[in-house]
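Working notes for the structure below.
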Amino acid sequence: MKLVNELFFSLIFFIIVSACSQNQEMQTQSVPIKIGFLGPLTGSQAVYGQWGREGVEFANASNIKIIYEDSQCDPKVGLSAFTKLTELDNVDGIISSDCSSPTIAYGTVAQQKSIPVIVVAANSPIISNIGDFVFRIRYSSEQDGKALADFANKQGWKNLAILYQDNDAGRGYAAETKKNYQGTIVAEENYVLASASDVRVQLAKIQTRNPDVLVVLSQGDDGAVILKQIKEAGIKSPLLTSGTAFPQSTIAAAGASAEGLYTTVGMYESDQWQKGSEFKEKFNEQTGKNGAYFVALGYDAANLFSQIATTCGKDKTCIRTQLANTKLYEGASGEITFDEKGELITGSLRMRQWRNGSWNVVS
Amino acid sequence: MAFSAYLIHLGILSCMYVMLAISLNLALGFTGMLNLGHVAFFGIGAYITAILSMQGLPLWLTCILAIIGGLIAGILLAFPTARLRGDYLALATLGFTFIMAAIARNWQSLTRGALGIPGIPRLVASNEQYLFWISLSTVIVALLVSWLTKSSIGRTLQAIRDDELGAMVLGKNVFAYRMLALGVSASIAALAGFFFAHFITFIDPSVFSIDDLILMFAMVILGGLASNKGSVIGGVIIFLLPEPLRFIGFSSSIVGPARAILFALILIGMLVYRPRGIFGKVDLS
Amino acid sequence: MKSILCVENVTKKFGGVAAVNKCSFDVTQGTITALIGPNGAGKTTLFNIISGIQPLDEGRMVFQSEDITGSATHEIARKGISRTFQLTRLFKNLTIKQNLLVAKEVSDVVLKKMLVSFGVKKSLSTKCTDLSYGQQRLVELARALLFPHSFLMLDEPTAGVNPFVREQLKKIIRCAAKNGTTVLLIEHDMDFVMSLSDHVIVLNEGCVLAQGTPAVIKKNRRVLEVYLGK
Amino acid sequence: MSSILAQLLLNGLIAGAIYALVAAGFSLICSVMKFMHFAHGGVVAAGAYFLFMFSQWFSPVPAILLALVTTVLFGVFMDWSVYKQLRKRHASNAVLLIASIGLMILTTNLILIGFGADVKTIPLAQHNPVYTILGARITLIQVVIIATSALLFGLLYYLMKCTRLGKALRAVADNNAIAQTVGINPSRMYLATFILGSALGGIAGMLIGLEQNLYPSMGLSLVIKGFTGAVIGGVTSVHGSILGALVLGMVENLGIWYLPSGYKDAIAFVLLFVFLLLKPEGILGKRFERG
């Protein structure tokens, strides 16, 4: 019993002591431009925060100082962290590798305070019209949905079923796919992340409609189970999904049940982008991990800020204008050009298929 | 200037949590109801004002409607749970929170489901004014609750907490008093939801998350059951405690979980070493 | 003399065992009536049925010519029935004053006077957990007397109290009866019962064995058999 | 259409069996120790993650045994470090419930720090052949899960009704004080309960870990379904809770055949509400009388 006592009080004592020591060290820094990083480091979506952070740390650009904050994928906590970064650390820009709901919450405030934000992970269509200070360097769910629909039209599949995760990303994908698809939507089912581990009933409902093709749109980390259950349910129709939703780690986890899966693919995942493959090798050498798309996005966001800092210094509006006029920037994740709403302009996404252990581009 | 803006931001959220702690204490500390549905009332208040203010209703009206919505939700929850006590009441009210979360996510025509409701009009432009309004209403709520708990009604609520049968034999309609306590507690939580919606200007089904519930319980237990002063202080301490964690040089992958572990250790530590909290005089029966 | 409470054919079964079995009796207004009988005769169950805590299976109860069968405990209490319990039930986290005020809102002066007359030498703000067992019983009785009532039910008031408190209780009960309160009490202490009550009802195996004045009951053969055994 | 119905019933059975594995341990601890051990979800998650960890260093059988032992130790440590202190201080079961919620958060975040946030699968589960019965498809692991929960139903019924330990446990569950008068030492019984309960939690965690993904907060959603099943079946009866969990799995799966699948959790909680109101003692349990 004594042990629990000491353990408990020593932990509290340790936290308070290190809290005080940290403050002095912050003042003495020379003043490069400061960038705040926001992302979920706990909770079920924590993997997106951690991927983004790995990319930003890997960039370790010398002229920008990064301060990390955990948003827990919660709008309240995200806004508190954002306020601390902008008011206390008075950062000159934000990298958001976060869920949509906190991103929208602090994105609106960043727009009012004219603080430039580069969005790396959040997928919600609402983000594109927050304002001209908010930029997104990942291809959005709309582009994914459109590419999937065009591919299905081209393959002549008449009736299509959709299974999507009921969050902002999933809803965005599904809406865009339905908009661009010419055939008939025979079934539309969704699931919630917490009970994502069991979508058998949704699959049974879809089977009764026997679709020609099944589009699956998930947030990626539960993708492996869904593919397994689709194979177990004996669904033979071809499977379409988004490239970001099924990174390589999910494909590996799904094992045999990922056979024949079609995914949209940006330049990065399909290794059509020279700088992307170089980044993957360098990242793998140094960290032993394979660089997911979000890692490359974090890397690019840090480098974008670092490159612009050389010309603009701490002038936030100058950073914004530089970001807005980014033309054909050769990032690790791909070629970065922004449209007037701050969204990434990409050519139409290509499709690729996973056949016996390798990807081959199909369109 | 910068530091004060951050403090104002923390002040606003502390007021919100103090309102939630005081209202939870009214049900948990004074009436002995283990209500795990408190966060659902907060969410109901937030959604009512978000949906109505997006239709253009004036904010003073949506505020009143949110409070009434909370009151009705509290009273409705009192009926099915009238006969439930202790852990069973906890399970049923926790179930109520999950049901509300499922409704918020699936009734898309009303709540836009997982997309949430963005662009909720702010109550006032600057945060300083916002802090004024929310602290004013927190003070009013605190005075109202402390007047209620010191009055004969409050005395009867505490009697019901200590010995329901004893109260019944003295002519007290226990069900009516529990409904009153749950209704008032729910309407204050809905008011906190109102302030939250117009501060953060975006809400989605995550307002029904049970992480906040555990935060509120830690506040009431740290402050002390059946002590309004305790809930105020417990609320401020628990909310501000993790803030220094932000300034610690841990690698950020540790800071996140460390905050949650800190909460859990405090909650368990209080229950073991000081179940009555700082100012409490009552044990959780 | 009008009867204030009529109990007609009341039956209460606990899984086949009839704790109270077709029990009927009347309590006359203004009297002190004692309910006696061996353990398990159904006395406390009957008390709980009258105050609505336990639902009855059959029978009827009429109080001041109003049928109270099946009404809720708080409604029955509001009709003027006040009671104490075999095991004292006080609001443990509240002070003496708060306990009493729950029964009726009165000034501190009245409360102080009552405590003095009951012989409880404690300040109004003492918490009930700091009282002795005897003092707790007196405070519970004070609370029951403070509650507006015309009918007082006492469940073994003298159980486990010292002789001084016992005399105190006798004085209080007589004084209450003098003010027009009808008293029904469950008691095992025969001297207390015989010296205090005007009427005695003997209960055995859930039904009324005999009733009458203390003198009659003392000599009733059947009562002696039940108490002393064949 | 009949094959779809068969598939639906089978899916309900699989989901019910999974909930039953969690409900068994939960209701054993709850019936003997009279409080809702929320952190049982943490024990289940620990079982899954320990198997994941050990299966990387050892071959399957030693990995499973090691994972089971470590999970039991983890469960017993939880009881020793928190619940025992609260029992010594005569804490009410409401306090124990809140403490167990605190432990649940603690376990989830310890897993988050220890194993990282990304979703994991246990390598042992790669070769998982699929069988078809009456047109419905079921995998080997799912068959094992159903078989295990059926086995547990029988074993626990036998344990609680026909063994000395079972009688002692039920005596303590019925009335702790009186059980002591006949020489039963409650603290040894509590230890036995936690060892057995955590072992059940470990088995549940391992099987669920093979069937589904592993993510740090998996424990919470599982324990919520577990206790809902336990309440339906009767928290005071262990085999009743297993039955209740199967009913929950069936109703959920059949329910979302007609309702939009987003309402799956809501169905579980409406069912919980209905049972709490109309039949709090559940199908097989007896009145949950507490002092």
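Per-chain residue numbering starts at 1, and chain names A, B, C and D are given in the order in which the chains are listed.
FYI, a residue touches a chain if its C-beta (ideal position, glycine included) is under 8 Å from a C-beta of that chain, and two chains touch if they have at least 3 such contacts.
Keep in mind the model is a prediction, meaning the values are calculated, not measured.
With contact taken as defined at the outset, chain A and chain C are each touched by B. Nearest to the global CA centroid, when each chain is reduced to the mean of its CA atoms, is chain B. Each chain gets one centre point, the mean of its Cα atoms, and the points for chain B and chain D are 30 Å apart. Distance between chain C and chain D, defined via averaged C-alpha coordinates, is recorded as 49 Å. Chain centres here are Cα averages; for chain B and chain C they lie 44 Å apart. Taken residue by residue, chain C touches two or more other chains at no position, since every residue touches fewer.
Across the assembly, chain A contributes 41-43, 46, 49-50, 166, 192 as residues in contact with two or more other chains. Multi-chain contact residues of chain B (touching two or more other chains) are listed as 105, 253, 256-258, 260, 265, 283.
Remark: the chains found to touch one another pair up as A-B, A-D, B-C, B-D. Only residues 152, 155-156, 158-159, 161-163, 165-174, 226, 281-283 of chain B touch chain C when the two sit together in their complex. Across the complex, chain B is touched by residues 51, 53, 72-74, 77-78, 82-83, 85, 89-94, 98-99, 101-103, 105, 143, 147 of chain C. Put simply, chain A touches chain B in their complex at residues 8, 11-12, 15-16, 18-19, 22-23, 25-26, 37, 40-43, 46, 49-50, 53, 68-70, 72-76, 79-81, 83-84, 87-88, 90, 101, 104-105, 108, 124, 126, 166-168, 170-171, 192. Within the complex formed with chain A, the residues of chain D that make contact are 1, 4, 7-8, 11, 14-15, 81, 85, 109, 112, 116-121, 126, 128, 130, 132, 137-139, 211-213, 215-218, 221, 253, 256-257, 260-262, 264-265.
Across the complex, chain A is touched by residues 2-3, 5-6, 9-10, 13, 105, 113-116, 118-119, 196, 200-204, 206, 209, 211, 243-249, 252-253, 255-260, 262, 265, 269 of chain B.
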